[in-house]
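Have a look at the structure that comes next, please.
Which chain is which? They are A, B, C and D, in the order written, and residues in each are numbered from 1.
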Amino acid sequence: MMEKIKIGAIGLGRLGYQHAENIAFKIPGAELIALCDKNEEKLNETVKAWGIPYSYTDYDEMIKNEELDAVVITSPSALHTTQIANALEAGLHVFSEKPLGTSVEECKVAEAAVEKYPDLVFMLGFMRRYDPSYAYAREKIKNGEIGKVVLFRGYSQDPESCIEGAIAYAGHSGGQFIDMAVHDIDLARWMLDSEPKTIHAIGGCYAHEEFGKYKDGDNVSALMQMENDAMVFLFAGRTAPHGYNVETEIVGTKATLRIASVPQKNMVEILDEHGVRRECSQDFLERFEQAYIEEINEFISCIRENRKPEVTVYDGTKTTEIAYQCKQAFETNELIRP
Amino acid sequence: MMEKIKIGAIGLGRLGYQHAENIAFKIPGAELIALCDKNEEKLNETVKAWGIPYSYTDYDEMIKNEELDAVVITSPSALHTTQIANALEAGLHVFSEKPLGTSVEECKVAEAAVEKYPDLVFMLGFMRRYDPSYAYAREKIKNGEIGKVVLFRGYSQDPESCIEGAIAYAGHSGGQFIDMAVHDIDLARWMLDSEPKTIHAIGGCYAHEEFGKYKDGDNVSALMQMENDAMVFLFAGRTAPHGYNVETEIVGTKATLRIASVPQKNMVEILDEHGVRRECSQDFLERFEQAYIEEINEFISCIRENRKPEVTVYDGTKTTEIAYQCKQAFETNELIRP
Amino acid sequence: MMEKIKIGAIGLGRLGYQHAENIAFKIPGAELIALCDKNEEKLNETVKAWGIPYSYTDYDEMIKNEELDAVVITSPSALHTTQIANALEAGLHVFSEKPLGTSVEECKVAEAAVEKYPDLVFMLGFMRRYDPSYAYAREKIKNGEIGKVVLFRGYSQDPESCIEGAIAYAGHSGGQFIDMAVHDIDLARWMLDSEPKTIHAIGGCYAHEEFGKYKDGDNVSALMQMENDAMVFLFAGRTAPHGYNVETEIVGTKATLRIASVPQKNMVEILDEHGVRRECSQDFLERFEQAYIEEINEFISCIRENRKPEVTVYDGTKTTEIAYQCKQAFETNELIRP
Amino acid sequence: MMEKIKIGAIGLGRLGYQHAENIAFKIPGAELIALCDKNEEKLNETVKAWGIPYSYTDYDEMIKNEELDAVVITSPSALHTTQIANALEAGLHVFSEKPLGTSVEECKVAEAAVEKYPDLVFMLGFMRRYDPSYAYAREKIKNGEIGKVVLFRGYSQDPESCIEGAIAYAGHSGGQFIDMAVHDIDLARWMLDSEPKTIHAIGGCYAHEEFGKYKDGDNVSALMQMENDAMVFLFAGRTAPHGYNVETEIVGTKATLRIASVPQKNMVEILDEHGVRRECSQDFLERFEQAYIEEINEFISCIRENRKPEVTVYDGTKTTEIAYQCKQAFETNELIRP
């Protein structure tokens, strides 16, 4: 058996905790040897429960740990680019959650750092690409099975049941396009191999006025045309009553593919007084459970095999750039021509 | 335009009323000129509302009306065979609701009457054969598209919401096999072109003990093997929480067909706090709305074109016979070899 | 029984023939007494087959027939408004297929004629409103069951198998928005009770360059925001490989409704070497078979009950206007603010 | 991190290879340190590729290896009970694939061995219990969410594409009930908490006469009534054109649950010339990929936590017994009353 890749993880929020737990227990090729979080109580509790040898409240201390091979970053978005640069500087491979940065300028900083250390692996957490269904659909598109792509439709809806957290975080999220639609922007670019030439965006506060003060909506949408003429319709919302609805459709001239048009929790169908029904996934951790594991597996494999992941730092920058253009289109109500 | 076929209808229960209303308003080739029911109030009210010229409380009076071309019988099952025979005797074409009779002996009486008047049309109300989906499936089977039939599975479930009526009627229904499974027995014979060689049946009272005193269950099932070796599994129940569930599956060596595996009310899908769901049909009138019209259209066409319907009086007898054998298998808990 | 409404129908193209056949054989309250078409052979053949007493090659001759109560117009779009006005002038009730006219000016002519004869019934053929599933969805929306409407998504896709006819007709259709999306525009206005305040439209020729010479695409889309802030996404295409796909989604804050998200031909599911599948409707006549009957039934009822249909002449004008604005948005690639 | 459980695995057939690979790479709590197979080439190749320290062609040699904590047995069915007994004798925890034995007598041997070593963990590979959807359904049943169970319907269909292997193995499989339906028998007992009181079974060779010479069919079914009156319908076939179809329905008085009524490969829906469709799982390794991992995880947890798995050796015996009774019912065409 090969030596395990030794990993330090920062961030014990919901997704950070999941990443850490996956690395500790579900990724045979990796070993979680260090954890970092500002919340000491949560940190100590976790380190103790899992038997992790090193713990830190200071990220820059953690990356000095010479046993480390790599870091996994799930910190607040505004810290990503600095932490990426510092880890690379320290000779560590880096996996960072999306977004790459909270501005295009920040992204450029990350780009420079990544370019400076071409021997280190850098990977960005666009986990949907590692979901088996998305990967399967992508293959069909690449193989020409759906013909020329006509329309990409991407929905990202959070359940209404999470609205309180979303409102509380509204001032920091960057807005719907940057916080949520960014995944669909990545998928669209990945599946269509093209960049937008026009962007129009609309939306509003249909249930929760609170988003208005950040010039954001609780539900927004954008219509883009790509340079290869493919149409892209994005819809991002926070008020889905039925659950976490991430649904994608790619209409081609020869076939249409729909991924998760029913966001079913599992393979159980229920027939009761509500009709014939499927219960739905309730959050990203449930829907993308396997994808979160697969992406870290891929990160580990890249390190081992000395190759680069498909998702590059430039994808991070470009996606951020487009998300900001959507935001601008939404705020100005003008047609953007990037 | 051709002269309309003039029809007298007996029975203003739920299905009888629907047949009468269809003839009055939805069957362009027919004209409802007479109505018969013991309930004078209901009769007068209906006759008045629809402008029907003749009304009767006595069936034998009605069939003397010389303007009539045909009768449609939806009276209590025990009256069917006599009314069929009398109408034929009076020179009228006859459409009778199922069952043909409440015993095989009664059915033989109807057979004799039908044989005596070969120029008159006799048709039995196995409406499922006229449902577009069943008809479509049958064509595929006949065309060999599913290969050799391996298994026929037929479910007939009434909704729990109708249980009170079912309990009240339990002493007269003849039991689950005769009252409900008879439609599936007809479908199986129609689709498989074969008769049973062994019959086993089980079941019980899972929610409503009341059926026990009639040696019946609220849910029962039978497993039959046909002479051509095809397997037939029948399930009939009265406690479906989700609605009126008539579902049929035909497993062949080349393909499987499923008809109404979701008994959806219409083409609307709902995504709400219960998940992603379809509301269901709630009764036979809703599910087979179109089939009830189509079968009367076919009856009218047979009269006009001087031909016989596909469903013969012998289908009525045979189906009744098999239903009684299922009942016997259920009551004795023995394997029946017809 | 009431006297039947006597109808003259013009146009024996696919839809016109279907309307005529429905009136002749499936609408008990109506009688088809006159038919008009330029194609004498088709006309004579039909009149003879169905036993229709009067036939015409000249519409203005037909409407002089004093036995007529009403006309049903399914002629080429450019003739609609004149024929509507002339029939009203002749004292006849009028049912006209969509579009009301091929320009807003033409529509205004029809409006004036309708206003001049307030005692006559005028109805426009937006048949989707009479489809049971659309009607059911509308009720839920009106009853507040889905909360505030966030997004209306309407797809109208013709099957690739019909592309030759579409190309041949491309110079006369007015383009995708006027020919196809007009139904979705009507549905959106009907369901959202609001008018667009911004319109953006894109698209292209993804499979068939022929549409380009008419400044049209084979697939187009539009994103509109309504005055009540609801978002509307329309997609109209001519290259669907799987069939005639008319699909509508209404996302609300409390529930989402999807109508015909699988354009299933019937209730048969097939399990074979292609997987588990539903065959699809192949054209509008198949998908909206029942709606075409229901709308004529409603027209007849309005005449009888001396009331006006829900679809007014103004809906025709407004829908045409919006379709032209979509077309303009598509041609200029500018954001339209009506 | 805890010490890993050191495992030796026997059998490198399809499922054995998968178990070994899972243990080697996907079960963080386990370490595969020894492999055993008669096929030396396959053995050496695998051991080398994965870096496994020990390899054996003789099972009894392997279990002498003092580093081992446990064995995972995926050998031919006839060897199971002896290998189980010998491993327990050697002080090893044992996971064995189903069936426990190829006769009830063999099963009793295994029972005795398991009883003799109460401190060792013994687990039988009824992996379906560890599939997330089955586990979810079971919970609902246990919580009373479906009311009283009326009917359990279990389908186990292998794809026609695997028929050659099945024919070749027909003489050794024990027949459809023992080879395939045994999983459904286990599920029925697990979900209904009851044992059969009557068993009837039928079937035949619908596509492949070859099974006839082993008194078996290519498709068979059984209808059982349990002591608590619940009905159980089992269908096992080898000729499914669409894929590996393991489908289960539990009809209760308050709700019905269906597990995998569409054996969908993933969350991708395809709209193409075949209609709207889902591609299907093609074999047990694909459908139960996660369950095979979960069950070994549970085995490891039981060892660590010094507790016993839910599936006991007695479940193995009882299931085998019922499968033989089904076989007897099928062969004699008599009703069996166990």
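Rule of thumb we're sticking to: a contact is a pair of C-beta atoms (placed from the backbone, for glycine too) under 8 Å apart; a residue touches a chain by one contact, two chains touch by 3 or more.
Per UniProt, the chains are A, B, C, D = Gfo/Idh/MocA family oxidoreductase.
Every value quoted in this text rests on a predicted model; they were computed, and no experiment measured them.
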| item | value |
| --- | --- |
| Chain B to chain C, fewest steps along touching chains | 1 |
| Far-end chain from chain D, centres as C-alpha averages | C |
| Length of the line joining the C-alpha centres of chain A and chain C, rounded to whole Å | 43 |
| Centre-of-Cα separation between chain B and chain A, whole angstrom | 56 |
| Multi-partner residues of chain D (each touching 2 or more other chains) | 240-242, 254-256, 261, 264, 270-272 |
| Chain C contact footprint on chain A (complex, rising order) | 147-151, 160, 198, 200, 202-204, 206-207, 219, 221-223, 225, 229, 231, 233, 235, 237, 239-242, 251, 253-256, 261, 333-335 |
| Chain D partner contacts - residues on chain C that touch it in the complex | 240-243, 245, 262-264, 270-280 |
| Touch list for chain B against partner chain C, complex | 1-2, 24-28, 31, 51, 132-133, 136-137, 140, 254-261, 264-272 |
